[in-house]
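Below: a set of structures, written as structure tokens.
Both complexes shown next keep chain A, but they swap its partner, so chain B is in the first and chain C is in the second.
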Partner chain A sequence: MMYSRWYWRALVSPGLAWLGLFVLVPTYALVAVATGRIDELYRPIPAWNPAKWNVGFIREAFAAAVPGGAYWPTVRNTLLYVGAALTLCIVIGYPVAYYIARHARRTKALLVLLIVIPFWVSYLMRMLAWVGLLSPDGYVNQVLAAVGITQPPDWLGGYPLPVILALTYGYIPFFILPVYAGLDRIDRNLLDAGRDLGASPLRNFLHVTLPLSRPSLLAGCVLVVLPMFGDYYTNELISRSPRTSMLGNQVTLFMLGGPQKNRGAALVIVMMAILLLAMTYYVVATARDRARAA
Partner chain B sequence: MIGRARNPWRAPRFLAVGTWLYIAWALVPVAVAIMFSFNDGRSRSVWQGFSMRWWWGDPNLSLFHHPDYTQALVHSIRLAVLDMAIATPLGVMLALGLNRWRGRGSRPANLLMLVPLVTPELVMAVSLLLLFTQVAIVPFALVELGTTAQVIGQVTVSLPYVVVIVRSRLASIGEQYEEAASDLGASPLQALRLVLLPLLFPAIVASMLIVFALSMDNFVVTQYLSSDQSTATIPMYVYANTRGAATPALNALASVLVFLTLLASGVAFGVYAFAQRRVRRSGGSAVRELTALDR
Partner chain C sequence: MSFVYLDVMIEMVLLFAKPSKPRHEASGEVMVPAKPHRRGELTRRGFLSAASGAALGLAAGGLLSGCADTTTPESPAPVDAGPGGIPLARPDQPVTLPLYDDNTGIESGLQPEAGPLLMYNWIDYVNPTLIKSFERKYGATVKITHFTSIDEAISKLTSGSVEFDVAVPGFADLPRLVAGKVVRPLNLDYIPNLKANVWPLLTDPWYDRGSRYSVPYGMLSTGISWRADKLPDFDPAKLDNPYDAFWQATDIKGKVGMLDDQRDALAWTLLGNGVRDVNTGDPALINKAGDDLTELIGLVNLKFGVNDWETLPSGALWLHQSWSGNMILAKNYLPKGTSIDTLRYWWPSEKGGVAKNDLLVTLRGGKNPVLAHLFLNHLLDSANAVENFSFTGFQQPVRGSEPDALVKAGLVPPNLRDTSLTEVQLRNALVTAPLSQSAAAVWQDAWSKVKAAA
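Coming up: the complex of A and B.
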């Protein structure tokens, strides 16, 4: 079409200007604060000139994030809780997505609707719901008392297990939907081919369905891991104890709780570095999948 | 003796049972929390009979009478309307441009658009907070924490969703309508106004509603960029009071949030799906439709 190049450029420029101002510049501000200096009140003095960057705080943050360092408990909690919650998401979510995509017939539309609803129910409402259920006089303890457990655990007293379960509950909708979409796209002819060639249902699943659903499985993992790494509110609502503190809690403490924003910014950079490792694996794995499919 | 063997290719029964158990696990707690907004007593965990007192009945403490609750409700809706008003036009233009612009710079532009989607929201929130509190140059120095900063943050995180929705509609419309318009002598702007925008209308409505729902639900960015109690939104208020001694009016407030976001996203889906079905039924061929017109 004979549209001038400037036509498309004029259309994109306001949006791109917005993203430049409020995505790129803030990222630079984050780096400038992390590489800056502090005044006598520990307030940050950002280093806007890259020539004057001081990597001291970032180096300190990385050194504190390894075993034995000051951040290690929060880093360990984060890796542990996110790992456990991700495992639970896969163990619970994959079979659900598989059943809806493959076997639900008349109920399929209804089931899809029912797994989309939690997606749009506010995360904080879902945590509020569990705080009510898990409170000392709540329904969970009433059910436990009915089956004879009269000394229930102190659910909201600052223990890892409730936090892990809450994270799983909170993020599993974001896992199930992409995995369902991926499983639903698998060509049924391939499954029939496996069946005709004599594969048992289990073999067919392991050698046809599972490899073909790998890309969406990985995508689902990324979609839950990214927000879980930055989560601070689940811990704050379910546990409220520094014992179960995660990276997000430490960052929020620096950012909203005191003047040491430079340390918070450096810690965010550590967090991004850990995520970058995970994302690199994801990119390599999907590229390998694509190369194999081609 | 062996009974009639079960077809091994049928779904194992535990999968069906497990799926329904999952759905119960996902939805029943929320239903219980909504139920407690109708509790007759002050408890949010022990049922003491049905009443409307926390919604309307109590003249001081109910949802629509307590100033904290009405304030959070009004501020949430204010932010959502502003977010819709800014993110939708920006996103529609960005989608139209990115869809056709092939020149140098289009690849980085596409990547930049995706950054807010793949960055943990906490990182976006921290960066924007530092932007508005540490950068002393115009225009950033003019923005103070509070409503303006919250709107900017929410627009930034909701913009990619508008682009994704509008682009998927553009992909299913195809280029023929625009080409036909320009063959018939329409200028680019006329083709946009008279042909593309009407065709995009369902996608624009859908993305407005999605932005509304995203804004109402947004917590991290909105909290980081808030200033004081007057800029608290529903999610912020729920967050601050979940572990406190709040009355069931808190559950009523959260229920309003759930109702509004489910309504908005449900209508958005309906509008979009209806439009897509019409495209598909017409065979997706603009040429055929246009040739049918002059009969």
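Coming up: the complex of A and C.
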């Protein structure tokens, strides 16, 4: 049965309206705060009329976010930590997703459940658990002491590695699930065809499985990169050192107190601009993949 | 996450532009297969997307070119006054806070409401036994909502979106709360314990002459705490410049912490640089203090936090800038086998250290103003204040809570006697008082650079 074009448009309109209300309106409010001013009680007065926008704080935020600027250390930390955590998510998460999708038969549901179970505990509690594990008299150091390492590293000493590991631990389920879903949907006949044409398992993976899993791989990357970029509590809990400060920590500093909430909003716009580059690649890449598939 | 939704939106919008079925299917004509698009070849969809993007960019650029481009406020706030023109109070320049016609106190002789009384407070900053005794006495429940930073609390209170009855701000924040008509003027007829029990210095304090809006709550000094078992030879009292203690701690790199509080951390550094005006708005002095703190981060791998009551007992840190009461709390977090004698606290009481007191205020948006007044009176009772101290670790400026009394009652170990203040020490202390908006911005800028380790 053929539906008219208006049928599909009517179906998608409520969702579009919802997204318009809860994405576009808050984004515009953010720009209005960044281009507005602050009253004497330190409350932001947004500039809703574009004719009255003051872009000075946005310009200053961009200038401070480049090498040599005041916020460059936090931008650099954010890019490095998110990049490293994403790499770890891919290196650890892709094989897990692959195994569950391709080789776990009767245990598939159980393994998916085991990946989802950490979500039942709040992110904050999971990070606090890590603080307990990594503290000087925590279980990690007790195990290391038992095997003869009496001078264990100062895990909570304000170093990047524990922050990167904590980010990876906190967000890897968001990566594994979409990749697993994508791998699970790959037609096995295509893999059989590759084998029949003489491809070794490795070549089959590189030339059939990996390209077909690219959209889900990109989706997984997007789902972990976006929240990681704005993360501030992982660094607060695991490190507490300004040396590992991320952009989210700077945003929090301005937005939660003091008379410069418009600076905080301007920093969020800087963050969105950086993420826009990544999202543009994602949109272009998935559009091309879809065109190729069609 | 908003970008994922943006992508979905773009797809949905393009759905409106896409024809529902190819024309050749409708007409029945046979179509010659179209040449497949080569990589890079511009499709109709691609052209439309690029053109609309370019148009949007041109429009945005044209729009922004007419915008103001400055970081200087168009109506700069006065440098010597706070919000609403309220003068900046100092111990030698006391201020009587204004009363407003549209924000009046309650009448005397009213009956307490049924409650529940809603309190907005720091975590663990009131003894649950006092809550229970109040509930029994007045037949109303008390519910407490916590905040973890004063900035967060003040932002929420000034937003007008909350309906708490009682809150616990600091005196540096009081002018904003008064000018914003967030706090309700007090009717002291309901709070006889203010005159009866509170130290004379704070029954008519410099920041709120006549106690129009507030009564004093917990007091604290800002000093140095350390683990005596890890640093047996450390004694800041013997240093020429005790404020320099953290910069000299290079041999315990990674074991040093300072308060994650911009006023206290920067004030400490100002004092170390010989600047006694801890309320200065001079950008040069404040930025120098910020640079010195940034240097300290690299020197000792400095951590910032307000949980020294946890990190010192656990041994994660050995030396910390602390609020005095945190070391009384710390005794509850000592691992088994670690004695309270391992903790020490010292503040430069003789050389002009920083001390302050928190406040109890009733809020205009609260629905239980009489109950709120009675709750304040309940907390200012002498016996209740001592009982409160046994839980919070923060001494109240109330008769019976002097340092000797607290040590004698076994509530303060002798090695932590300096965590308690006398009225004379409080009178002579430096205070982190209210700042003008421009000065507050300078402090915040310096602090943001410290926290960025820039």
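One rule holds in what follows: the second predicted complex is superposed on the first by the 256 of 294 C-alpha atoms of A that agree within 3 Å, B and C clash if a C-alpha of one lies under 4 Å from a C-alpha of the other, contacts with A are read in each partner's own complex, and residues count from 1 in each chain.
Here is the rule we use: a residue touches a chain if its C-beta (ideal position, glycine included) is under 8 Å from a C-beta of that chain, and two chains touch if they have at least 3 such contacts.
The shown structure was predicted, so the numbers you read here are calculated from the model rather than taken from an experiment.
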> Is chain A touched at more residues by chain B or by chain C?
Replying inline: B
>> Under the stated touch criterion, which partner chain does A:281 make contact with: chain B (first), chain C (second), both, or neither?
In response: neither
> After superposition on the shared chain, which partner residues are touched by A:118: those of chain B (first), chain C (second), both, or neither?
Replying inline: first
> Which of the two partners, first being chain B and second being chain C, lies in contact with A:74: first, second, both, or neither?
Replying inline: second
> Does chain B (first) or chain C (second) touch A:96, or do both, or does neither?
Replying inline: first
>> Quick check for you: in the superposed arrangement, does A:46 touch first (chain B), second (chain C), both or neither?
In response: first
> Does chain B (first) or chain C (second) touch A:265, or do both, or does neither?
Replying inline: first
>> I'd like to know which partner A:135 touches here: chain B for first, chain C for second, both or neither.
In response: both
>> Output the chain A positions appearing in both contact lists, the one against chain B and the one against chain C.
In response: 2-5, 8-9, 12, 15-16, 19-20, 23, 26-27, 135, 137, 156, 226-227, 240, 256, 272, 275
> Which chain A residues qualify as touching chain C in the complex?
Replying inline: 2-5, 8-9, 12, 15-16, 19-20, 23, 26-27, 35, 37-38, 40-43, 50-57, 59-60, 70-74, 135-137, 154, 156-158, 222-223, 226-227, 239-243, 245, 249-250, 253-254, 256-260, 263, 272, 275-276, 279, 282-283, 286, 291
>> Quick check: in the complex, which residue numbers of chain B touch chain A?
In response: 8-11, 15-16, 18-19, 22-23, 25-27, 29-30, 32-33, 36, 43-46, 90-91, 93-94, 96-98, 100-101, 103, 109, 112-113, 115-116, 118-124, 126-131, 133-135, 139-140, 152-153, 155-156, 159, 163, 175, 178-179, 182, 188, 213, 216-217, 219-220, 224, 234-235, 238-239, 242-243, 250-251, 254-255, 257-258, 261-262, 265
> Contact residues on chain A for chain B in the complex?
Replying inline: 1-5, 7-16, 18-27, 29-30, 32-33, 44, 46, 92, 95-96, 98-100, 102-104, 111, 114-115, 117-118, 120-133, 135, 137-139, 156, 169, 172-173, 195, 200-201, 226-227, 229-233, 236-237, 240, 248, 251-252, 255-256, 261, 264-265, 268, 271-272, 275
> Which of the residues in chain C end up touching chain A in this complex?
Replying inline: 1-10, 12-13, 15-16, 19-21, 37, 63-64, 66-74, 77, 82-84, 149-152, 154-155, 158-159, 176, 179-180, 254, 257, 260, 262, 294, 297-298, 301-305, 314-316, 335, 437, 440-441, 443-445, 447-454
